[in-house]
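Both of the next two complexes hold chain A, though its partner changes from chain B to chain C.
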Partner chain A sequence: MKVPGVASIARTAALVLLAAFLIWPQRFAPLFVPLTQYGAPPIYDQGNLLTLALAQLGTVCCAALASTVVAVALGILVTRPSGAQFLPLSRTLVNIGQTFPPVAVLAVAVPLVGFGLKPTLIALFAYGLLPIFENTLVGLKTCPPAVLEAASGMGMSARQRLLSVELPLAMPLILEGIRVSLVISVGTATIGSTVAAKGLGEVIIAGLLSNNTAFILQGALVTGLMAVLLYDALTGLERRVCRTVRID
Partner chain B sequence: MRADRLGALLSAAGTTALLSLPFVIFKANRIVPGTPHSLGDVLPAWGAIGCYALLLAVSIVALYVTNPRLRLFAALAGVVVVALAVAAAGNALTPAGNKVVRVAPGAGWWIASVCLGLLATDAITRLRPGPALRVLLLAAALGVALLALAHGTFDHLSIMREYAVNAVRFAHEGARHVALAAGSLGAALVAGLPLGILCYRVPRLRAAVLGTLNLIQTIPGIALFGMLMAPLGALAAAVPLAAQLGIRGIGAAPAVVALFLYSLLPIVANTVAGLKRVPRATVDAAQGMGMTDSQVLTRIELPLALPVIITGVRIVLVQNIGMVTVAALIGGGGLGTFVFQGIGQTAIDLVLLGAIPIVVLAFSAAVVLDALAEVMARAPA
Partner chain C sequence: MITIENLTKRYGTTTVVDGVSMHIPRNSLTVIVGTSGSGKSTLLRMVNRLVEPTSGRVLLDGNDTRAEPAHLLRRRIGYAIQGHGLFPHHTVAENIATVPRLMGWDAARIGARVTELLKAFALDPATFAGQFPHQLSGGQQQRVGVARALAAEPQLLLMDEPFGALDPIIRAKAQDDLLDIRRRFGTTIVLVTHDMDEAFRLGDHVAVMSGGRMLQYGPPAELLTRPADPLVSRMTGLADRAMRLLSLSTAGEAALPGTVDGPAVAASASLRDVLSELVWRGVDAACVTDADGTARGHLTVAAILAHGRP
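Moving on to the complex of A and B:
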């Protein structure tokens, strides 16, 4: 086990560093100057870094919210007796779907809906469904039968059983699915900049196009830090939920 | 007789799409907007009626037949029918000798194909084929598709037009894609297996190593490529030998290093998990027989851990095949080159020329390695 002190210090430091860089990027300019050539700007100057970061975070969260609602609903649907005929295909689809690279989903969405935010949202939503749906299925299908029988024995209706027994028990797994989905989303949203969605990928791509390593590095670091902090936050949430629903 | 719900849903979706959405899109050249055509527009009356009749038969099977073999057969027949129909549409709409017009499958065709594909997938899932049969089915499907492509069945469709223009580059980038994905997997195996064994033996190291690798996995691909460009560029500038070896800030080097780093977690974590699964009693017995530590490792522990390690290899390979796509952005090459070029030119056919082979590669790798892991898990070590 990690010493909690170290983890929380590292977390706070990363958060403070990220916030400071996004709010006062010019203060960090001296650090990036050695990476530039021919007097190119050391800090991204074609847009506000904070706005870009928030835009990307917004895109990711919107898509994640939509995929969570749809994936959990579908997961509940196919685990009810009336949806049983869809269960085998659902499982296979989840497996096949995850072999699709997220970039391919993004690229195919562009010709269908045009450039901008839309293809990115579609790709994030569609690809984000898979891990959440998979974990919802596993969570709902692995509820201990004894617990379910006890719930029925107590006179709970199917609906009550779902809401107050099955879903809470599946919650840690569902949250894990959301975390996996979010991490993939942050990466895909970064690539979304190639199809003109607002986000931090813009900084990296501007750096690639103008051969400015400083842009590439700051875009990469901010995106990386954001992804790691998001992952960390959800891991913390999962732990908290696990503690409240533990039954052994 | 009650209708199968999945069959009902897929039949309804496929039929609606075929009747209300364009079957193919015709463009006089690559740039102009296209005009939609339905199945009835482009095929001679007997052909269109034949297609609809066959697809109706498939729908009836999907609705009322429960035997998965028959369902699979019907679905595959449907796939062949729509594939041949779109090829015929391409031939019918292309004037002889004209290489400028573009005939692309329309939304109706795509949705109908997806529905038929789902029907086939569902039938295969219900059949529960063993590992060998799954690989055989995959090989048969790929074989038929390649034969049809080689025969020129689809030559008048827009994707194949893009292929004809880019054939040499396609072979080159395809080979590069596979080399990048497999090469970084190889490097990750060489480094990851010993690291995994070490982590298993030294539990205190385990949390730190797995935690670090987990953190690396969290970093988006393009960001990790970017982070590696600066140090690799500096290395090439400072050490001429490194530059001579092809290590540069852009190109394949950052891609390979990043893919290698991503690949480590599944390999190390699965090696640890596989070794943990080896029963203590088995190891004790081997030691009691007078085996040395290294004999226990190579003859007992690793063979028993192999299925779990193969599962890790499967995760890595599928993940790498997808990730290499992004490497095209930093000059690493691979099939992603076509994807991003296509995005830049809003040419969906070029996007698909890159994306479809990537999906096929990743899917094939998943099927073959899943089968391998299953066979290994069954075989007595």
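Moving on to the complex of A and C:
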């Protein structure tokens, strides 16, 4: 029988801890009491932590899905001979998405689409494009030329070559881009609470407003654990894909 | 089988292939040889339309190759390249099955063909079918590359420096294998190389290219005895042209009637090898025998030397 390594023990422990805290937060109250003053509640009580965490995860996944679709499609487009001229333009757009701070995106988006989930989705979508786009680009551009030549020489159409050779070979890098994007988004999504999107930012803000360190810590810890576990899960997925691709 | 008519390729103002015409007969093994930048690869790639000609045309069995979409044309033409270009994410069996799959063969037929080819290339199907390219040696990868090119039973096989990445011993073996494959499947082969020794060893027709032009195209002996251009004799090598000429004839073809006392040499051995053997043993004559050991005739040093002159 395989002995579980330190990494998998730590992974399981983090997952169990996170789940336990989200399901039975009151059981952890004694741990947080020292962080409170004047008898303030040690555990966030203005909403269900589990619901908030799931809402944040949902927001992040929706935004990441949209970023992935757009960034990968754009990456494919600009690496085709017919779309090569759009490369500088696409790069600029994607870079603007990254350099524009998400807070500023929220400020611009709220007057246009109103408060709530929508401006947060827009900010996370724009912020998440760059890593996926750049990695897709590198993945598609670094396919070995002899392999591409062989694919065309065998009689694959451009579409068959893309789907059965180029994308599979670029997949590890694309997945890496998605992982980086997702992890950044999980953290960034907390600012969505400033425009009334449901999420753990609410807990942090409540803590800041009432000077309750316990709330701030809860919001931050749950967000952090989610990011670490997500990173870990996607790394595992990547490794599985890498096992059959480009190990020469 | 292939007729090339006045084929030209220009990139901007640079002419890479300049008005080449040639006819490649069925079942021949034609080697296009030239220095790098001579346009030999471009010429080959215009046959399967990986490069579209600027002017001129290519006829395959009398039909213009532009009559059908390029990717459909390429499925009927085998293509093997230097560095094999195997798909790293596909197993050996999947790599070989590439073109049959594109052509929509049923699974049973594909499986049978893959097994047949693996055996033909001395790769045990049970061991190699499920392996990935990076698990194979360079020579094995190259063999899988050629097997993949032959998978859909093409009448024509194009090879672009297929043995360029192999070390000399594996390369010699791969060249022997190619001659075997040709006998076995009767495929017409066009092979591009910069290696004159390879050209003489493999080709029954050799085309010499330089600067985009075809300097000479004919049987290898003709290149030595009647070079069309000083550059051709420079490329084939002046110093050892007599030995090269001897290497093109076999003992069986040159044998004189009657037998003599002397060492036995195989009828399939080249005159160059027989001469070398006679020099080494310090004798004047050898007995030529068939594969089954029956005497076919004899050869003397003088008779061999006569074959080394134009």
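We take it that the second predicted complex is superposed on the first by the 236 of 248 C-alpha atoms of A that agree within 3 Å, B and C clash if a C-alpha of one lies under 4 Å from a C-alpha of the other, contacts with A are read in each partner's own complex, and residues count from 1 in each chain.
Simple rule for what comes next: contacts are C-beta pairs under 8 Å (C-beta built on N, C-alpha and C of every residue); 3 or more make two chains touch, one makes a residue touch a chain.
Just so it is clear, the structure is predicted and the values come from calculations on it, not from any experiment.
Partners chain B and chain C fit side by side in the overlay (superposition on chain A). Centred on chain A, the angle reaching out to chain B and chain C in the chain A superposition, using CA centres, is 100 degrees in steps of 10. Using the contact criterion defined above for the overlaid structures, shared-chain residue A:Ala220 touches chain B, although it does not reach chain C.
In the superposed model, A:Val183 makes contact with chain B only, not with chain C. Once the two complexes are overlaid on the shared chain, A:Leu140 sits clear of chain B and of chain C alike. When chain A is checked against chain B and against chain C, the one touching more of its residues turns out to be B. Once chain A of one complex is fitted onto chain A of the other, the partner contacts of A:Leu169 are limited to chain C, with no touch recorded for chain B. In the superposition on chain A, A:Ala126 makes contact with neither chain B nor chain C.
Once chain A of one complex is fitted onto chain A of the other, the partner contacts of A:Ser152 are limited to chain C, with no touch recorded for chain B.
Superposing the two structures on chain A brings chain B to within 18 Å of chain C, judged by their nearest Cα atoms. Those residues of chain A lying in contact with chain C across their complex are 144, 146-157, 160, 165, 168-169, 244-248.
Partner chain A is touched in their complex by these residues of chain C: 48, 50, 71-76, 79, 81-89, 98-99, 102, 132-134, 145, 148. The touching residues of chain A, counted against chain B in their complex, run 1-2, 35, 83, 85-86, 88-89, 91-93, 95-96, 98-104, 107-108, 110-111, 115, 183, 186-188, 190-191, 194-195, 201, 204-205, 207-208, 213, 216-217, 219-221, 223-224, 227-228, 231.
Interface residues of chain B, counted against chain A in their complex, comprise 4-6, 118, 121-122, 124-126, 207, 211, 215, 217-227, 229-230, 233, 249, 318, 321-323, 325-326, 329-330, 336, 339-340, 342-343, 346, 348, 351-352, 354-355, 358-359, 362-363, 365-366.
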